[in-house]
Amino acid sequence: MSTEKNTEPAAKDASQLRQKRMIADHFERLSRAKEEGKKVVYTFVPGNLTELIRSLDLLPVLPEINALQSGMRKLSGAYIAEAEKAGHSEDVCTYVKCDIGMMKSGNIGPTGTKLPEPDLLLLSYTGCFTFMKWFELLREEYNCPVVMLHVPYQPDGRITDEMRKYVVDQLEREVIPALERVAGKKLDMNDLARRLELSHRAEDDLVAVWESARNRPSPIDGYFGGVYYIGPIFSAFRGTEDAVAYYSELRAEVDERVRQKLGPTTPDGLAMEEKFRLVVEGPPNWTNFHDFWRMFSREGATVVSSTYTRVGGLYDTGFRHNPEHPLDSLADYCLGCYTNLGLPSRTQLLERYIKDYQADGFLINSVKSCNSFSAGQLLVLRELEKRTGVPGGFIESDLVDPRYFGKANIENRLQSYMQMLDARKGKVAS
Amino acid sequence: MNDQPSTGAAGDPAAELLTRARRLSDDLSFGAVRDWKAGHPGRLAVGYMPIYAPRPLLEAIGCLPVAVFGGGDQLDIIRGDSYFQSYICHIPRSKVELAVSGRLDLFDGMLFPSICDVIRNLGGMWAMLFPDRYGAYLDLPQNFDPELGGRFYAGELRRIAGGLRERGALPLDDDALRDAIVRENTRREVLEELDELRCREPWRVRASEAYLVARAGGVLEADAHTKFIREFLDAAREREARVYDNVRVVIRGSFCEQPPFGLIKTLEAAGCDIVDDDFQLGLRSIEGPIQLEEGQDPLDALARAYVLNGAPTASRYIGELVKGASLIKQVRNANAEGVIFAAASFCDPALLDQPMLEAALDREKIPHTSLKFSENTGQFQVIREQAGAFSDAVKLWGSAA
Amino acid sequence: MRCVVGIDLGSTTTKAVLLDEQGRVLGRGITNSRSNYEVACAVAREEALTAARFTMLERELEKRAALASGKVVAAKDDLSEAFRLELYLDQLAELEDEIARVLRSLTYVGDRSKLQPAVDEVLGGMKSDAPKLFVGAGARKSDFFRDLAGTGFMTGAEKVSADREISFERVVGLFDRAILDVETQLKPRDFSALLKRAAHRLIVDETPDASLLLGAVEAVIDQPIDETSFVGTGYGRQTLPFPKQAVRSEILCHGRGAHRVFPGTRTVLDIGGQDTKAIQVDDQGVVTSFQMNDRCAAGCGRYLGYIADELNLGLHELGPLALSAQRVVKVNSTCTVFAGAELRERLGLGERREDILAGLHRSIMLRAMSLLARSGGIENEFTFTGGVCKNAMATKVLRELVDENYGEQITLNAHPDSIYMGALGAALFGLDDVEAGRPAVLPTFVQAAVEAAPAGGQ
């Protein structure tokens, strides 16, 4: 996600600097979009078709990222209040309310410039029911065309031919034509293929970065640190040379950390001790992101893997974008996003991560706003404990509504959980 | 507050039918399903979550489709709550409670249509809790091109028919499906008669009564339900009834987790004639009869009916339609004076739709109010007052103010 | 005497437990002081040390049992009461000083001249009535100074404001202002002086028994209590006044404490004032999993508090009333926000209080059962702790639900002193630290107390 680090060690890594520049450039281009006659497409992170969008010279905007940015900048509380005042229910997704509130407050984006209005809403209906309503709402506000891409759900852990065909057919007959209409030109399949090749390369490096966590100590934090790593690949940059360069740099930096047996960087500097290796399920809290991170890092807990970082694409089970079958692989990519997977598959993936990364425990951050993630997590908790034998922790918070982050309560639960792990370790050792 | 027309009392020709309907709706042991299975040995009973299931398909392969609406307000949730956080609606809890307490053991299969993420994930939970039982997600299409979404949906229907075949259902047969569609269309027709009667003469048939009669169909084959509705209509037409001066309202938002029966009665007692609603959406998800041409593939017809004539519900993409247009049409057709949004707490589809629908009503100056419930809400005082105030305001000023 | 100290900072009360090196409970203390954490800890510790002295006294008397008559042994309880009386009188004197200070700061001299004599009369009455409060625990509704003094002051204020024609609110207002400061200031207590005064209060003539008692008292007073480890637990907005390595999660402490009291415990349910915890422990009392309901007070003690207020009853009356229900009214929500409305509606419909209460209790326990199921279910033995465990109806309903869902073979434990389980667990962790040779770091409030203590103090 395009986020900034507030507390930094003296020298920024090259990859971090590159990422900052990429994001700044992107928002700068967005701010000039209207005057330059560039067309803007709003879409979602799960099932984002960045290669397609950029191949047609369109600029993508991701309202989810705007919302999480607002959360990190402590603006979301006020935006949500605006939306609720306008009649939106307290029970619904706070990303949506934050977006509505931001719109009503002038639609100023994370970098302080006004975001351009959409020329098209690409409703990538992947893994989340709320997306449908979100863009229905935005359509009412902007009165612009919407194109629906219904990505069928994978209840049984496999992509059938019918599912793939349905997505490919929609791409061919509805999505691409809609994008072409907005762009005023035809899609060049060769260009698309070229971008997919670049995606493939970046994905290889990203997976290597994820897998570096197998080392002891893990050189990365696969959750808090991980949300920075997924920024380029899940937002406007997959399929670009910039992204390839970023992930290549990142991989090299991580490899170097492994050589030097270094742990990850935390908000308080270099992690000195890897006391607990954890897998985390669920999105992070954005309004208190660094506080939340510190609750882990200060106890010596490193997150070795997470599922949220697969929400915009799952690559470590083998999938890569494939330039030889562009539309098929775009379809498979969408179908494979984490929240589009059935609960049994998600549980299996978590089990795999816990075992592969030799986790001491796993934690579920159950987020009030997100039923897609949250409904069923309590069953997943019990099932994973049974299958892996490691204890599961359970905390509750929200995406961007600051009212739902109870610092004392969360700290209490986390500390109790980690002390429990500690006590268990002592027993196992003795 | 108005007195109620004397229905259901001694001397009411429809009393016995209503009692039967109430029993069928309330029976959490699904006695009617048990009886059906006993009378049709070897045949399968397939449950489904609310909103929509392709009942004719299920009947065509010899199954009894059963709507499982959750535990209502009669079920103590002991274990169901341990599966869900507090900010998730109530119906999955009672569904799980029914399941783990064995009450759903008699079902040979369970369908989970794509209503929302909670029900979607519930399907996955089902697979994990009962790996040996047949459970299937029904991915209703959000693309309404018959060649695209329609074809995908036909594939879904075939997949489910195939899955049930493996469990002992009959093979999918065109003639059987044709017949089932015809029977469904007949039931639909008769249901429309009921809706029309209760809309035109709410003093003769209360919405709460029409509700029971419609809901009873959840455990009956189409034919049996048609017969039941016809009996009720005959009895209702013989009733003595006085006209009362209530406000005519449309209820929106209660399509999945059902409001407790007492809530519907409370609204009526507070001065509202509920002239249209979306309570039993599953039976009215397709607008009008399923069009079936001579020589047309019936599965194709069923699929087309859904994509081309599917009702714009909260769980369905609005596409090219205007948001709120169908609600306004509903209000006009029913000659209603206002809309009450009654959504289950935490219901994403209903609550996310609501602001858009309210805006549409505002543009047409149709008064509205809104409330939330859960299927086991026990006290209606606040709702009574709110509904009463709304009906009074509409009567006096023609607005919600 | 070497001991370890465990302190549990709860939302309403702070508890302290002292264990000797063999892990036996030496003393327990509790305070409901609303002052800052430092002072609350200090007060609780002091109470526990006092209790420890009395335990030591008891052991001392037992040692001299051959020479002691039954009267002397029984006198230990009288001595304890007399000690409490002396402490109370000291605290009243502090209150008196504090009120005088408040009066001096008033701007209108006229006020002061009216109020001071009124206050003097109230306090005078409280002092002379004090002994009646300390003739056995049954004689008073609470052991906490704020509660006892508050009640006494209110009663006295009613009388003097009527007699002297001054505003009741103004008089009571003085108490309200002063009590905060009294609670916040950490006054060093001269334990031995208090104990001696108490002893002399009891002993009115020279008898062999009297000198035996005094001898035991002297022996105990002079015995040093060496606190070799401090562990703190509890959670809240402020940081606990303990160094980080001396803090243990209250869930772990609670689980361990419950297991210590009932060694067969494998599942613990704690329903406190503001949260509910379901804890699974192994055969050594180590927590293996837990779930909390800490985001809303539904189904917790506070909820019962609201209900009690609505019905104009004392909290302790709810259980007995519910037990006399003839049927159970179905209550579906335990939301504290709607507690009042739901209750009124049902009463309005003609339901009996008892029956509604029965329904409410069932709802609360159903929620608890859900939390337990989430944490892994109920395994034998099942220990029920927290304020609500003293509610007989709650325990009855819990028993029924356990029978229905887990079987009648599950042993259900409830202990009236379960409020100390967290501090007990903390102390046990302290004992671990000592046995592992980990150096103890004195928390700041102990350092402060040690520095402030007069000679011969704790």
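All chains are identified by letter, namely A, B and C, in their written order; residue positions are counted from 1 within each chain.
One rule holds for everything that comes next: a residue touches a chain if its C-beta (ideal position, glycine included) is under 8 Å from a C-beta of that chain, and two chains touch if they have at least 3 such contacts.
Remember, predicted model here, so these are calculated numbers, not experimental data.
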Inset, instruction - Return the chain pair with more inter-chain C-beta contacts, choosing between A-B and A-C. - result: A-B
Inset, instruction - Taking the mean of all protein CA atoms as the centre, name the chain whose own CA mean is closest to it. - result: A
Legend entry - From subunit B, the most remote chain by mean C-alpha position: C
Legend entry - CA centroid of subunit B to CA centroid of subunit C, Å: 54
Inset, instruction - Express in whole angstrom the distance between the two chain centres, defined as the mean CA positions of subunit A and subunit B. - result: 37
Legend entry - Cα-centroid distance, subunit A relative to subunit C, in whole angstrom: 48
Inset, instruction - List, in ascending order, every residue of subunit C touching at least 2 other chains. - result: 295, 374
Inset, instruction - Return the residues of subunit A touching two or more other chains; collapse runs of consecutive numbers into ranges. - result: 378, 396
Inset, instruction - Could you list which residues of subunit B touch at least two other chains? - result: 82
Legend entry - subunit B residues touching subunit A - in the complex, by the definition given at the top: 82-85, 87-88, 92, 114, 116-118, 120-125, 127-129, 136-137, 139, 141-143, 145, 147-149, 151-152, 155-156, 159, 315, 317-319, 323, 343, 345-349, 351-356, 358-359
Inset, instruction - Using the touch rule from the top, collect the residues of subunit B that touch subunit C in their complex. - result: 73, 76-79, 81-82, 86, 374, 376-379, 381-382
Legend entry - subunit B contact footprint on subunit A (complex, rising order): 86-89, 91-93, 96, 123, 125, 128-130, 132-133, 136-137, 139-140, 148, 150, 152-153, 155-156, 162, 165-166, 169-170, 173-174, 342-344, 346-347, 366, 368, 371-372, 374-379, 383, 396
Inset, instruction - Provide the residue numbers of subunit C that touch subunit A in the complex, in ascending order. - result: 235-237, 248-252, 284, 286-292, 294-295, 374, 376
Legend entry - subunit C residues within the subunit B interface of the complex: 295-296, 330-333, 341-342, 345-346, 348, 366-367, 369-374, 401, 404-405
